[in-house]
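Questions regarding the structure given below will be posed in turn.
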Amino acid sequence: MSRDRSLLWFLRLYLLAVFGFVFAPIVASLVFSFNSDRFPTIPLGSFTFKWYVQVWGNESMREAMLNSVIVAAVVSVASTFIGFCTAYTDYRYRFFGKNLYLGLALLPPTIPLVIMGLAMLAWLSRIGLSGHIWSVMIAHTVMCSPFAMAVIRLRLAQMDENLEPAAWNLGATEWGAMRHVVLPFTMPAIVAALCLTAAVSFDEFAVAWFVSGINKTVPVVILEILQGNVDPQINAIGTFVFMTSMTLIVFAQVLLLTRQKKQVGTNE
Amino acid sequence: MSEVLVEFDNAVKRFGSVEAVKRMNLEIYRGEFLALMGSSGCGKTTTLRMLAGLEKPTEGQVRLSGKEMNDVGAHERDTPMVWQSLALFPFLNARENVEFGLRMRGVKKAERSRRALEWLARMDIGDLAERDVAQLSGGQRQRVALARSLVTEPELLLLDEPLSALDANLVIRMQGVLTRLQRELGITFVYVTHSQSEAFAMANRIVIMNEGEIAQIGSPKEIYRTPSNRFVAQFVGRNNILTGEVTSQDGRSVSVRTELGEFNMPATAEASSLLGQSISFVVGADRVALNRQPRGSVNELSCQLISEEFIGSVVTLYLEAPDGTELKAQIQQRELDEINPEPGMSLWLSWEPSQTHILPH
Amino acid sequence: MTIPTEHSRRWNGYLLTWRLPMIVWQVLFFLVPLIFMVVLSFWLVKNYRMEPALVGINWSKMMSRDYFWDAYWRTLALAAGATVVTSLLAFPASFALAFKVSENARRWAVFLLIIPFFTSYIVRAYAWQVILAQSGVINSLFSMVGLGPYTMLNSAFGTIVGYLALTLPLVVVLQTFSLASIDRSLIEAAHNLGCGRIKTVFLVILPLAKIGFIVGALFCFILSFGDFVSPYYLGGSKPPTLSILIIDTTKSGQQWPRAAVVAVTMIVTLFIIAFTAVTLAYRKPGRT
């Protein structure tokens, strides 16, 4: 049986290597953000906070961060709303052309970002909406709503199909059932969708780069810095960006997973 | 004579090209416990849903207390339902679930809390009021569902196979609870089920449905003893059904000749007029006697034992007649011991003429 | 799952409130921009300004350029290469997660893998640039044992590493789900009938997981084909990929119609590949 055991150990080590590969850049960014040397390499220099201080002191950097936060906040609400509409419509109604409807809703992630960027830039310019902060918000909402839709739809699939009719049966109108039954039931997924879409928006750089003009978000600033020389500030910014999105994603996943065990509400 | 509470007037329900309910005419009386019984797909649940307003009749009308209901939405009716899956709201605790209907009617918090707790106590689960639904047992959830529907004190309660997922002993207990509740409150219960024992145990009247149509309406005893067609005879109880030609009649009894012999039975007006034609008749499995030797009774035939089925102190024996007809006999355990049969053994099945029921043509 | 009751067959405000928003938004800000971009490819650029027209000059000019076709085949090759490499490298990991670890561990693993997928790709690419640089982390480690330095950036190798960073987590997760949902009794039956462990993988497991694997490969291809960050920052940006071509043409050249031509070509290519892949994935056995 030792051939089996060595296979098992090989596979486990391999898994670790994959995780190492995937998390290496995040760890590297974190480590080097506290490194005193300008150029990130081994052996390390001394521990320092100076890059964080420098980033924080940078006016345009703070402005970009504010933009990113505002955009992410607005986008998360808008795309979660649209995602909810789509998910609920898919759950509740059967109608002619439903496949086309769903296709329209779920297509954006399959279009390469550069192409989306170009198309958005061209169209938004044409209608005079380019170069503003809402340009990014509009584009990101398009791109994030499929994620919100998927998350909320999965949650709705867990809902007893009789819950809404039960509410009507007890005197709730359709709006009442939405308010008192559907929304409470899907709330964990809605919050998770808010976090998820906020994270996606926060990190999105390509389309933002195309359409944002002078109102830059953080990723756009990063892109521009990268076009210059090696700048250790990137590590500090990068770590900050990582921590933000990672927190959001972890929170969203926790919300989606713990609730699952509790739920069903059927006759068992 | 009881007042009519619900009327189905030539109600039809079609889904695409499928007719789930074909021309239903039914009156439901105030205060009765009515069971809608049948196998899957017979249309009983669709009928219930039309009453609740969850389906709109394709043709015809549904009337509640004389008022036409076709265009009245589900939420505007007072027809609370106990669902098969119970449909308890998982994000609310027991008391909040019960309060829901009151909340929708704008009842104030203190008042609805009081009434909800009252009903929970009435269902013997008062101390579980603040518990989350997920932490309750099947039987406890049943009671919450019941309380939730009854707290608004409706005239009509709809039940869609609510006991189908419970353990056998819980079913018996809940049947008692339901029967008691219905008699005490005087509310009209409309109960959908596929289980004969449930319907027979609780209902005043049973509606047997088959393929979207009503096969028979009657009290449990009527349905059991005098099925009005072959379908009901086969569906309900354990019946022996034989078919043959009317050979003679003398006003009080008729003789029918079948492949298995000639048998006597009390005449009906219809049977007497069908001399020379074919009729079917029914003998309940609990109305036959089994012996090892022929007894020389008027109605007797020979058959072979195939298998036995024990249901407590009563045993059902499945037998086969020489022409392949399936026969059943339901006897007490001690009678079985006297006969001491083995599979394949030849037995003699006999019955009194008066125990025969002729099926309407 | 059955569709819940139609509360009312009429179209009412309630239904419209939920059905319309997506349609309006997507048409206005997704469909129309894409259609406009196609239209744009037929416009003229005169004196640095765009004019509506219906001319094929952008198409003919672009299609006749060598650098366009170089970029096209190069992008295609890189994406295809990345797809193969990623699918292969992901397999031992997904196999391990599906068959060799506990269900709990698998959930944790997926949980962890999803995280980087949603974090900033561009920062990760920069970090790789630093790690792979001439005097970066890896080369420093090599020099400690007397090896190197190796040139890893500004080459196809760098680009592929970048694509891996982008797509590996996703492909591993998709493959894992696919493998984990295979009916175990089928594998046991194969062993029971004398099929060796390795043969079982190829004759039983992979065919059963076909759909998930093809979908994973497809996503990998789409993401790599359209990405510009890896070829730009890790691959040296010259010769350019199609995505870089679009950026150059748009940002520096202001030649939006030309960029649109490249974009449309990319979309058509992706559509053909996706269609083929899905057909392959869902083709019933026995028609080979």
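For clarity, chains are labelled A, B and C in written order, and residue numbers in each chain start from 1.
The definition used in the following text is that a contact is a pair of C-beta atoms (placed from the backbone, for glycine too) under 8 Å apart; a residue touches a chain by one contact, two chains touch by 3 or more.
The structure presented is a predicted model; accordingly, all values stated were derived computationally and were not measured.
Ranking all chains by how far their C-alpha centres lie from the centre of subunit A, first place goes to B.
A count of C-beta contacts for the chain pairs A-C and A-B puts A-C on top. Relative to the whole-protein C-alpha centroid, the nearest chain centroid is that of A.
Here the CA centre of subunit B is 59 Å from the CA centre of subunit C.
Separation between the centroids of subunit A and subunit C, computed from CA atoms only, is 17 Å. Centre to centre, using the average C-alpha position, subunit A and subunit B are separated by 55 Å. Shared interface positions of subunit A, i.e. residues touching 2 or more other chains, are given as 162, 165, 168, 174. Annotation for subunit C: residues touching 2 or more other chains are 5, 7-8. Each of the following residues of subunit B touches two or more other chains: 54, 73-74.
Listing the residues of subunit B that touch subunit A in their complex gives 52-54, 73-75, 79-81, 83-92, 100-101, 103-105, 133-134, 138, 141-142, 148-149, 152, 165-166. Considering their complex, residues 1-8, 12, 14-15, 17-23, 25-27, 29-34, 36-37, 40, 89-90, 92-93, 95-97, 100-101, 107, 109, 111-116, 118-128, 130-131, 133, 135-137, 140-141, 164-165, 168-169, 172, 222-223, 225-229, 233, 243, 246-247, 250, 256, 259-260, 263, 266-267, 270, 274 of subunit C touch subunit A.
Interface of subunit A with subunit C (complex): residues 8, 11-12, 14-15, 18-19, 21-26, 28-29, 32, 39-43, 81-82, 85-86, 88-89, 91-94, 101, 104-105, 107-108, 110-116, 118-124, 126, 138-139, 141-142, 145, 157, 161-162, 164-165, 168, 174-175, 178, 196, 199-200, 202-203, 205-206, 210, 219, 222-223, 226, 230, 234-235, 237-238, 241-242, 245-246, 249-250, 253, 257.
Remark: subunit A residues 160, 162-163, 165-174, 176, 180-181, 184-185, 187, 262-268 touch subunit B in the complex.
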